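Here the structure comes first, spelled out in structure tokens, and everything after it is commentary.
Chain lettering (A, B, C and D) follows the sequence in which the chains are written, and residue indices restart at 1 in each chain.
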Amino acid sequence: MRIDRVLAGVLAVMPPCFALAQQDTQKEIERYRQMLQESNPAELFEARGEELWKTRRGPKNASLERCDLGLGPGVVKGAYVQLPRYFADTERVQDAESRLVTCMVGLQGFTPEEAKRNPFSGTGVPMIASDPFSGVGRRSVMTDLVAWIASQSRGMKIAPPMSHPKERLAYQAGERLFYYRAGPYDFGCVTCHGEEGKRIRLQNLPKMTNAKDAQRAFGTWPGYRVSEGELRSMQWRMWECIRQMRFPELEFTSDASIALITYLAKKAEGGTFDAPAIKR
Amino acid sequence: MADPMRIRANLTGDKVEVKVLMAHEMETGLRKDAGGNAIPAHFIRNVTVTHGGKTVLSAQWGTSVSRNPFLHFRFKGGRPGEKVTITWMDNKGDKRTDEAVIAGGG
Amino acid sequence: MDAKRREVLKTGGGVLALAATAGIFKSGEALAQEWNKAAFDTKSVAETLKALGGGASSPSDAVEITAPDIAENGAVVPIAVESKLPKTQVIAILIEKNPTTLSADFDIPAGTDPFISTRVKMAETSNVYALVIADGKYFHAMKEIKVTIGGCGG
Amino acid sequence: MKPRMILALALSSIWIAGCATRPSDSEAERAVAEMIKVSFRTRGQATIDRLGQDDAQALCSKHAGELPKGVSDGIEKAQQATIRYPNPGKLMGDWRQGERIAQSGVGKQFTDDPARPAGGSCYNCHQLSKNELSFGTIGPSLYQFGRQRGASEAIQKYVYAKIYNPEASVACSNMPRFGHNGVLTEDQITHLVALLLDPDSPVNK
């Protein structure tokens, strides 16, 4: 991206005392983030998810214990870090959430609409005018399950498979979507995630084409968002970015969402997975 | 029914270090929904922690304790294998009690 | 803290009334589920202090607040309070500019460290007070915590 | 929305064509076009036609990261022609209103009330007033912007144009074309001009 030649000069003349104040702000924000690490309410969601995995539900009164997340029926350990991947039974590349939809439909007998009905906790519909993503305690089975499944890959290396042509196609499509600019604000993912060391307000932005940034970003979703008091999944992260880009609504588990996640997972390859994390 | 708490109780030196997470909305009563209607306050008001029949901490909370509350404190006199019992009660009268076994030593 | 003790403290406030509380404090178990509505409705530090039975409180270096100078989000502000004052009975957290001032109030029985760590909501940048009752006297520490605007919204 | 909307996607690829193990460029392009059709839905004011691109958006997507000089010159020239200035003498509004607009990040999201005016989201990317610690760094700092440049009519026009359509001076700028895309009104932009240039504005303190 080109630097604005006319305005760039301003940076050079900032008084030094101010530069110091900014450093202090950054340092204190870091300290705040450090203090949050002491305890992560994501645990509460993980515990519910583990319970839900074993609970018989749906018209078929079945649990999800035989759900195949890519490593064989019922194997949860390490599954999340090897997603998205191609599944022969659905002939699709799927991420954790879309695979859970498949299992809820196939094993438990829900309709796809039922399985997707309440994808994000608290937010089936925006409940709070001033704070649209902070619902009033609407639980999401999907979110709870994903929290637990992700937690079972903690400490493992991010390793999305790329051997199937459809996996590579999803990656390539995701890359194109990443650079796709549209809408009334001319935004694309690249607007915020194309340069190193940038911020929105005080939030640091990962540069997704940089392995270290991508590893840290991908490796910390799902995350418990303290600002919302909710656990947020990678599907939600995509949905929310797309909303803020002023695009129409990204459909839950849609091909575009999975393509973007595939692109990010591949960029983050080799990083250590450390989610569900706790975030601002 | 309210969700279980996540309680960690570890003996460190001669003190039991207790860390607890509670699943609760802690709704302030000051927020409005999309239709402009106030969302009623819903929050934990009382927390009691006991060990061996003795109260080791009791608290009263207002609406400004964060959602999914976290609490960390230390008390003397607990041994590994003994239980710490925590009860919370909210303004609607909902209650939840959970126990944790004191771990470790060291 | 039980309501009866507060009532005593409120009406008295002097040495005599404080002495009388010692006995009631021990029998607090039965009243453990009491909730001091009057205190939680207060809208200033002075009112809260009064509602908690204190006439005045002295600043003390023996009360320490551990919290960030700047909170990235006001919905969750980690705050720890430690008192080095002997016979610490109560630790309360007050947030001056919140719609209601008193956030939390902890009874510290003998044998429990005069230390509390929790997370509170802050509506805006504000002074945060840790109020400690030790041996019947009121002490406090104060710290300003800045709350920043996060995200793209606002 | 845009006068020249093109729905066909023309995106570049960094992959070497002809590599047998990878899907071809055209295959990936077809996949993206199909995904865009099936993966989004209209919600509130964020209608599905927002995914269509005008020439500038399509070219910036296509040449992301490596914009050839000829293309950027072409975009800037075309975008310059879009700028509509207010009447002379009306370029500077009220910096106080400007500060509120700069602070507000709402507008055009499907969760926003379309009846409410959009904000400028300025602090999301720029430092402006010294008092606001929470500012982004995607754009350059604008602190003391007017103090260094004065507030001549030429500068006012420059700032107005920059907010109205930043791509007129920098093709594929990260900054939205606030005026051209109808996000901010003429009045709102003049308030932002004042925020940057008025000697009394906190930006210049």
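Odds and ends about this structure:
Note that a residue touches a chain if its C-beta (ideal position, glycine included) is under 8 Å from a C-beta of that chain, and two chains touch if they have at least 3 such contacts.
The shown structure was predicted, so the numbers you read here are calculated from the model rather than taken from an experiment.
Of all chains, the one whose mean C-alpha position sits at the greatest distance from that of chain B is D. Counting C-beta pairs in contact across A-C and across A-D shows that the higher total falls to A-D.
Separation between the centroids of chain A and chain C, computed from CA atoms only, is 38 Å. Note on chain placement: the centre of chain A and the centre of chain D lie 26 Å apart, centres being C-alpha means. One simple way to say how far apart two chains are is to compare their mean CA positions; for chain C and chain D this gives 48 Å.
Separating the centre of chain A from that of chain B, both taken as means of CA atoms, is a distance of 29 Å. Taken residue by residue, chain D touches two or more other chains at 123-124, 133-134, whereas all remaining positions touch fewer.
Counting only residues that touch two or more partner chains, chain A has 25, 38, 126, 132, 200-203, 226, 229, 244.
For chain C, residues touching at least two other chains, in rising order: 70, 75-76, 117, 148-152. Every pair of chains meeting the contact definition is listed here: A-B, A-C, A-D, B-C, C-D. Interface of chain A with chain D (complex): residues 1-8, 10-11, 13-14, 18, 21-22, 25, 126, 132, 165, 168-169, 172-173, 175-177, 179-188, 190-192, 194-195, 197-203, 205, 242-244, 246-251, 254-257, 259. Considering their complex, residues 67-73, 75-76, 78, 117, 148-152 of chain C touch chain A.
Within the complex, the chain C residues that touch chain D are 70, 146, 148-154.
Chain A contributes residues 24-25, 28-29, 31-33, 35-36, 38, 200-203, 226-229, 244, 280 to its touches with chain C in the complex.
Chain B contributes residues 15, 26, 28, 30, 45-46, 48, 54-67, 69-77, 89 to its touches with chain C in the complex.
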